[in-house]
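Paired with chain B in one complex and with chain C in the other, chain A is shared by the two complexes that follow.
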Partner chain A sequence: MPDLSGTPATLLKLDGISKSFGRVAVADNLSLELAAGEMLGIVGPNGAGKSSLFGLIAGDLSPSAGQIFFDGSPVTKLDAGARCRLGIGRTFQVPKPFGAMTVFENVLVAVQQGSGLRRRASYAAAGAVLELAGLTLDANRPAERLGLLSRKRLELARALATGPKLLLLDEVAGGLTDPEVTELVGIVRQIKERGTAVIWIEHVVHALTATVHRLICLASGSVIGDGDPAQVLAMPAVREVFLGTEISASLGAPGQENG
Partner chain B sequence: MVWVSAIVQGILVGGLFALFACGLSLMFGVMNVINLAHGDLAVIAAYLALGAVTVTHVPAIWSFVIVVPIFAGGGYLLQRTLLQAALNRSVLTTLLVTFGLSVVIENGLQQFFSANSRALNIGNLITESFSIGSQITIAYLDLGILVVAVVVLLGLQFFLSSSRHGRLIRAVADDREAAQIAGVSYRHVFGIAAAIAFGTVALAGIAFGMYQQFDPTIGTDQLLLFAFEAVVVGGLGSLWGTLAGGVLLGVAQQLGAVYNAADQMLAGQLFFLLVLLIRPSGIFGRKETA
Partner chain C sequence: MSAVEPAEHQAANVSQVAEAARSGMPVEVTRSRGSTIWTAIAVIVIVAVLFDLPRIVYSGTTNLLVDFFFLLIISSMWNLLAGYAGLVSVGQQAFIGLGAYFVLIAANHGTSPFMAIPIATAACAVAGLVVWWLVSRLRSGYFAITMWAVASVCELIIIQISSLGGGTGTALPGLTSNPTYLDAYTYWATVVVAVVGLAGIYFLLRSPLGLVLTAIRDNETGARSTGSRVARTRLVVFVVSAAGCGAAGALYIISQQFVVPPAAFSVSFSAEMIFITIIGGIGTIEGPIIGTIIFFTLQQTLSHYGVWYWIILGIIAMAVAIWAPRGIWGLVSENFGVRLFPVGYYLWPAGESPRRFIGGKR
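On to the complex of A and B.
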């Protein structure tokens, strides 16, 4: 009997995950391990399966084959809400705040459901998260009135509020200006310093390489590069899939990914 | 003076319409289920109240203590089983399933209780009233039902805006995916919303059974339509809108009845169509953004 849950320090383990939509494979016998507190960046061309990988880890998508282990136990059959309560937090590429609720209520729902806190303890925790995300002054505004940067902050804050052991960040820097990106990267670093493991999909490659120590390149649902960021970006196979598109996008040229 | 009286009577009966409508509105707003069996559920509640009175000899007016909890529990179970299974396929499937449920309920009721009209016996309360001036008579029962409706809607509003579970219902209604990544089990929250909807429709059904005679098919013949009209007139997603919708519908009906007793229903329907034509999002509804 092989040890499917991995070593004790392993927080997340994907074991031979496959998933396809029609003929398009978004995960092709994909295996991956992440240690507790580790920070991993993911790059790859459009349609490489980056966001789908998050869907598989967070529970929005069910794999057609393979197993997912989190914190030592199998989670493959759990739905997204249950996986969140176990400690998998995530953000969506396009923020999805509860529009009619205030910023504080958005975070409060996540604190109460994700961390199981109630009443005063939950209000205090929500306040602390808002402060970390720089949203304290917006606490009582309806979320639908926020601008893009604040929406991205709220998306991050709500994920943090669930008390995650693993945080999945899907393009938090997309569509933002350079100073705004720097600000968000600062928040992400603080999260990492608290010992939260992070997997970060990003199109703005320089935001990633400045922060992560391990980079994975995905293409057609497979890992084609895994290791030190500079080395991965220098691999011929990686350079090939990036050629012309991603590098220019990362330098701020038009044509950023939205889907 | 006869017009003023009609308006007062319309307002009184409007509370009952709103009580019917709020459960329908909640189920559509939270899980996108258009419950075509909503009116029939109210009728079941009336029959169940009749049964509770017969068996336990509680006064009819207290039968809700037995019926409402049964309905709330039943609503949770039905949502977690049949309705969730239908939702997993498509929203359209829920329309077919609730339509089927409506047919089953009506035939079942006819089988068990025959097609004869029944009523909940509330003794003298049915006729007791007081007068304002010489023309306006207000029945205690009608006033009581209106008060119950307003209290229920107030309570529901407070629950949704201020309680933890109310917040969860709003979160799931807003964005189910986002609610899940905030750690919410949306199926459970759907069940809670259904339990509330069923509880309110049970109250409405019992009130209706005291207010007038009922039979197995009156659920779709009248109640479902009134509930839909109140929701549409008031505008989806607003409980105050639902109350206003119910009241306006009641007033329109009563004003029609002043003109000609046979025109009561017609007047309500025409008013409903007029609102649809002029303000499709309802009087208090949010303007469609997409």
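On to the complex of A and C.
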């Protein structure tokens, strides 16, 4: 293993990452550092490059320029599976369950492949993750028969089951009711308390501000605000680009782009 | 706790999950269901009877069973590839043909054709590696058609080799001239390949690799993001399937005692594999077994009706596709909750009855 002791505080480092789809830049010379165990929230309007940023960190997308370091070693050339085995776990905005497999098997495959446990050790780990995510009673149900909340929980449980040092949460609270969001926030806090670093993208801003200590606002693939959540949300540039859309959208302004 | 794989996983990474496991609720996991023990007994009895059959019945019956097991092997291999790895191929006859010709080559050099079966199987595994290197980037229809092209290329190459009989074919040397012994040996070899092949598929699907395979089939992106080695898993399945079809091809040339390229590389093998797997139930181990029984029965009872035979096969295929998209076995297992070859995992809290948690799907 390369020098893990070199920069003990920094877990993830993005160095000048760029990525475009056609003429749309989803990451524009983007740099970012995250300490081990840190919890970071990301907000931004639709199309700001939030989910693409997760794709770049997790290895589902490859950048056209820049370097990504995780745990002291470069991971830019590694695929998503290899990065997961190093300790980057992620959820998807639209859950991607293994439909024909049971909930337990969904989590078990993540434990076995992501953290390398086998047999009884992997069964016990998967059982513990299911309990944390509140899915124990659904353990033997096929994943395709789950409702939305349970699907979101499964998505979270599966990412957690890989034994991540860094967990990427992509809108896990989207589409849920307030009590459900509160429950989910409770789960995320428990994860954070174990020392797992978390980056959390969320449109449900109050879920974020209740949990994170650092907030980033993305727009057009660039960081336009970074720091204390209250301060970032108060920045004029952030209010303009992020809250502006939200307000127009919630007023239902005709002809307003919100896709 | 046991079997922690330390290699290439950092200690902190593993210990965190393991620690969570220790603090968690005690759970039990079972791999089998109530029906499994009966399946095991039935399998042992059936295999024992099958091995004794040449001493009991006439060779006409065992020759029929050779055809039956040949279809069972190739459709099970196709099911592994298409139903579990999502790789729909119409070119697996490439490996049937190659398996047949590898036996011919070995026999031409003085090896007994029966001893050449494992050689042909291994050679087809290697051929599978080479073909996979060519086709691994292709998906869906492109993969299917390219595999057909690969089969045609193999056929055209064999036709060019006059020492293997060229386009007109050749007889397989080295077989015993006593027809009774030959039929019995051929039958035993077929049963051995079928049992080894099906057991191999069963234990492959029960292993961690089988779980990954099912995950990749259900959602490839999701599988990658949970640390799965997608490319390596597909490679393993493709090679296993190639080897299995190669073994079937070896049996084919031995039972025919003659080989000609258009027959050994015939695309109708693919049609049979697909028909059997689809009507039986794709993505289940039981499916190809049920499918082979149905197809073989139809073939034996209706094939002398000529065109009507094909029309009936077509109607059955359409009816199954419309009313039982998961095949006959899919219907049975959905309605009765039966699994003869369980490969899944069932969880229940320690101290409770598993039956309560597994429910009606025992």
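Heads up, the rule we're going with is that the second predicted complex is superposed on the first by the 238 of 259 C-alpha atoms of A that agree within 3 Å, B and C clash if a C-alpha of one lies under 4 Å from a C-alpha of the other, contacts with A are read in each partner's own complex, and residues count from 1 in each chain.
Methods note: contacts are C-beta pairs under 8 Å (C-beta built on N, C-alpha and C of every residue); 3 or more make two chains touch, one makes a residue touch a chain.
Values in this document were obtained by computation on a predicted structure and should not be read as measured data.
Once the complexes are laid over each other on chain A, chain B and chain C cannot both fit and instead clash. By the document's definition of touching, neither partner reaches A:210: not chain B, not chain C. By the touch criterion defined above, A:235 reaches neither chain B nor chain C. Look at A:194: by the touch rule set out above, it reaches chain C but stays clear of chain B. In the superposition on chain A, A:104 makes contact with chain C only, while chain B stays out of contact range.
Residue contacts after overlaying the shared chain place A:127 against chain C, while chain B stays out of touching range. Partner contacting the larger number of chain A residues, of chain B and chain C: C. In the superposition on chain A, contact of A:114 is made with both chain B and chain C.
Once the two complexes are laid over each other on the shared chain, residue contacts for A:94 go to neither chain B nor chain C. Only one segment of chain C in 21-29, 39-47, 111-119 or 345-353 runs into chain B in the superposed model, and that segment is 111-119. Residue overlap on chain A between the chain B contacts of one complex and the chain C contacts of the other covers 58-60, 79-81, 84-85, 89-90, 92, 96-101, 105-106, 108-110, 112-114, 118, 158-159, 161-162.
Those residues of chain A whose C-beta lies close enough to touch chain B in the complex are 58-60, 79-82, 84-85, 89-92, 96-101, 105-106, 108-110, 112-114, 118, 158-159, 161-162.
Chain C meets chain A in the complex at residues 1-10, 12-14, 16-18, 20-25, 27, 29, 208, 211-212, 214-215, 217-219, 221-230, 283, 344-349, 357-359, 361. Per the touch definition, chain A reaches chain C in the complex via residues 1, 58-60, 71, 79-81, 84-87, 89-90, 92, 96-102, 104-106, 108-121, 123-132, 136, 139-140, 158-159, 161-163, 165, 194-196. Contact residues of chain B toward chain A in the complex are 164, 167-168, 170-171, 174-175, 177-186.
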